């Protein structure tokens, strides 16, 4: 096991892990201040016979300070987060050259439709594969998510991408893988008793490998997965 | 054990007449008229709110209560508005 | 005049002696109702904990027969091996019981009932009979929920959030009657909460003793009052949504059925519009009671009383505008996501104010570490972790990664267990003398606290790491995934810690029951506190006061230079105090 | 004074701590309760607004499925009952027992009439094929809708039935509860003449509830039947 975030395998990993570390630093400081303060007070001001506590109802200046600091920090954090949020999920965030893949989720499998050699969905050379997601590295990919029955969630930890798949809605999510390799696609929204095994294998190929796979899979028609 | 704030009772029958006439106006609007659908919608909602206000202010005596009870009575309304408006934006983005 | 103008206690003020049934079962006395809630919700706490142990067994040792699991029926755990369908029931019912039938009634049902009239100097609630119905409706709701395990197909299986359409379609979830019972139970619970809340609100507004002005109310009462408003306005939304869900399951409506034009996200919006205020229902009373206990334990006035009150109000108000942060990746309008992110981050500010003011209260105090104080400080220390980990989820891009992982599980348990439950252990110990006339064992209280603190952190802190690794929630068997398999030793560590944590809680239960019969007899004011309830004998008699006490000051005048002792009861009249000016009464 | 009355008066502090909202407990309690009722109907009406706003097809035109004249008559009944309720309250505020009995009785009659007409409306609608799940297959309405899919909102018939029956059903349930509690008060308190010029909290409190139910109907009538 590892004690840290998973492998960074997409362009989202930079901003997301960066935010994680930024928040870790901010909350780390707050955590140390509060816990160390508590321990210090517990030791320093523990009960002693004959002593009376300092009688005060508060201090306006101190309270303004510890209201203002969190407020400013939070607003700054909000502004930074929103910058990346718009890039990741914003209305116009999907790159126009993104490679389209349609994913249809149902209890308890992922049906993944590839555009075939012509690179366009909805044409005759589309073919569908169960539980096998192949994407090229270094190329934005847009997944068109639809669901047959209940809400599922498209989640690949290493790619830092997650999007719920909601029946009755046509949702698009995009990502750009940066490291070739084998990953796992997990359903992360409770979708019934088979939820735990609703997984698919994600293979990030180099462009050449991807083209070769595409050619072979398109001929086989079902992806030739053997699954 | 009960002492209501003494206030002059308004003419309730007059308010009843108002409500009756507004209802008739609403019914008239429901039929085919040479106005746009949105216009009709706004007019109908306006009449409904008017009627609701008449009931709340006079029949429920809100007009004669102290300000803090009136606040108590309208607290849920902004919350209701927040819910409906926020969820409706789902469909217009 | 050194002794207070002590109002005389009324053993049976104006009440004829009553039989057992009227006195203890169908009682209208707010204290008995509070105690009824206490027993019932402690039972559900135990049930919820028991379910959690089964979940932990399965996660730590997937596919291995559970010790003692052989007594479960074949449909749940044949030979003690938990089935996936039973596992989802466990997850669903653990959340449901803990949130709706343990923490919420413990905080609101028990302490709003017990404390509000006692701390405000009222004889009882404004509507004692409605109060009784509130308890019995909640009891009925709990029994209906529990019945879920005994119907064909078992209990509800769609998670405690019951996301539609999974929850709306028995053919997809596999749970037919269980899911319906879930809805019916929550409608009952909603009714119970509304009845309770309207009682609390009316009592706080109308039934305060002379001199008990708004800003002389203890923070616990403030918090319970604001909580009551949240409950009053939030629970009906849940009831409405649960009714729609029930209709979808039974009479064929299509609210959440996308095939007929219904909207799956509508359920989430309605649920979280209720659900986020609910989150504050589960923490605000704890914050209020912790404020009382910390001021007492520090022997100091609370630091910044007014900003504490405004922080409570601020949290409650903002709580209505943040529900969308549960839905960042649900396919919701992303612009709405930005709005919800900002409001969510802002809500950290009043929470920070509260934490710093508690520390300010302890600063230069004379700290008495009795069991309630230990638990209250434990609350602050743990709530900080829970609060800070919330910031990770509030940042939308990061939430995309950690949403629905064990990071969330860690967060919610830091807030609800580390927060609410620690506060509750403190509060139960603190007001136990006034409830039962006996004191809980100090030594076992301390042992329980330290062991809980240790095992609690061993259980829940590693979940942050597990979640950072990408582990999804509600997964029956994590070894299905290659990337989760290396975490199995960590999972086993969590599981063993959880078992020890559960065993530690048994100390509390034994202490509770043992002290009920064998505990040391309590004095009138064992903690040397200022509140009105401590002017009554322990246990407080039926009807509370014969003559309503008069209040001369706020509740936190500890270590006042005006008196020799380090506390100054609210009812004690100093030569400089003036009699309160009384307003004319409306409809006395 | 009875023993219970002594006990009850001992339950209340002699004076409130400060000037609050200046209303007695029962009335304040009813207002607070009505606050929760607003939120309950928000959930139902809000869902209707949201579902209709996002519906995949046009809603049935007003008057095509629902019988507007019958409901208009019902609206009229409810408005009448509201005015008779407030007249009953005004009567007892002047100590007038006779008119209290008359107006209060009229309110109950109008309320019961409303429930009866709604029961008639429901049976009529169900007979014609309008169900919570939509238009019943093979019914008169289903045939009309098949001939005129736009006018009868065939695509969203399921939503129409769901929201219509839930909203009006729960309103009807509230009216029924109101009628039962008014009947109870009528028999136990109004007829024996227990309300006086100074003590008529029950009339005012049940009146508040009744007017609220009327108010909800005013909104429902407009948005369900006329829009």
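First chain written, first letter: the chains are A, B, C and D, and each begins at residue 1.
Rule of thumb we're sticking to: a contact is a pair of C-beta atoms (placed from the backbone, for glycine too) under 8 Å apart; a residue touches a chain by one contact, two chains touch by 3 or more.
Because the structure is predicted, anything quoted here is derived from the model rather than measured.
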Requested in this report: Name the chain pair with more contacting C-beta pairs, choosing from C-D and A-C.
Outcome: A-C
Query raised in the report: Distance-wise, how many Å sit between the C-alpha centres of subunit B and subunit C, to the nearest whole number?
Result: 38
Report summary line: Note: subunit C sits from subunit A at a C-alpha centroid distance in Å of 31
Query raised in the report: Once you find the CA centre of subunit B and the CA centre of subunit D, what distance in Å lies between them?
Result: 15
Report task. Any chance you could list the residues of subunit A touching two or more other chains? Result -> 91
**Report entry** Sequence positions of subunit B contacting 2 or more other chains
**Finding:** 1-3, 75-76, 79, 83, 87, 90, 93
**Report entry** Residues of subunit D whose C-beta touches two or more other chains
**Finding:** 20-24, 28, 32, 35-36, 39, 42, 46, 50, 54, 201
Query - Interchain pairs in contact, sorted by label - result: A-C, B-C, B-D, C-D
Query raised in the report: Hey, which residues of subunit C end up touching subunit B in the complex?
Result: 229, 233, 237, 265-266, 269-270, 273, 320-321, 324, 332-336, 586-588
Report summary line: Counting only contacts in the complex, subunit B reaches subunit D at residues 1-5, 9, 12-13, 15-16, 19-20, 23, 26-27, 29-30, 40-41, 44-45, 47-48, 51-52, 55-56, 58-60, 65-66, 68-69, 72-73, 75-77, 79-80, 83-84, 87-88, 90-91
Requested in this report: Name, in rising order, each residue of subunit B that touches subunit C in their complex.
Outcome: 1-3, 75-76, 79, 82-83, 86-87, 89-90, 93
Report summary line: In their shared complex, subunit C is touched by residues of subunit D numbered 3, 6-7, 10-29, 32-33, 35-37, 39-44, 46-47, 50-51, 54-57, 131-134, 155-156, 158-159, 161-163, 165-166, 170, 201
Report task. Flag every residue of subunit A that touches subunit C in the complex, lowest number first. Result -> 1-6, 12, 15-16, 19-20, 23, 26-27, 30-31, 34-35, 37-38, 41-42, 45-48, 51-59, 62-63, 66-67, 70-71, 74-75, 77-78, 81-82, 84-86, 88-91, 107, 149-151, 153, 155, 157-158, 160-164, 166-169, 171, 183-184, 186-197, 199
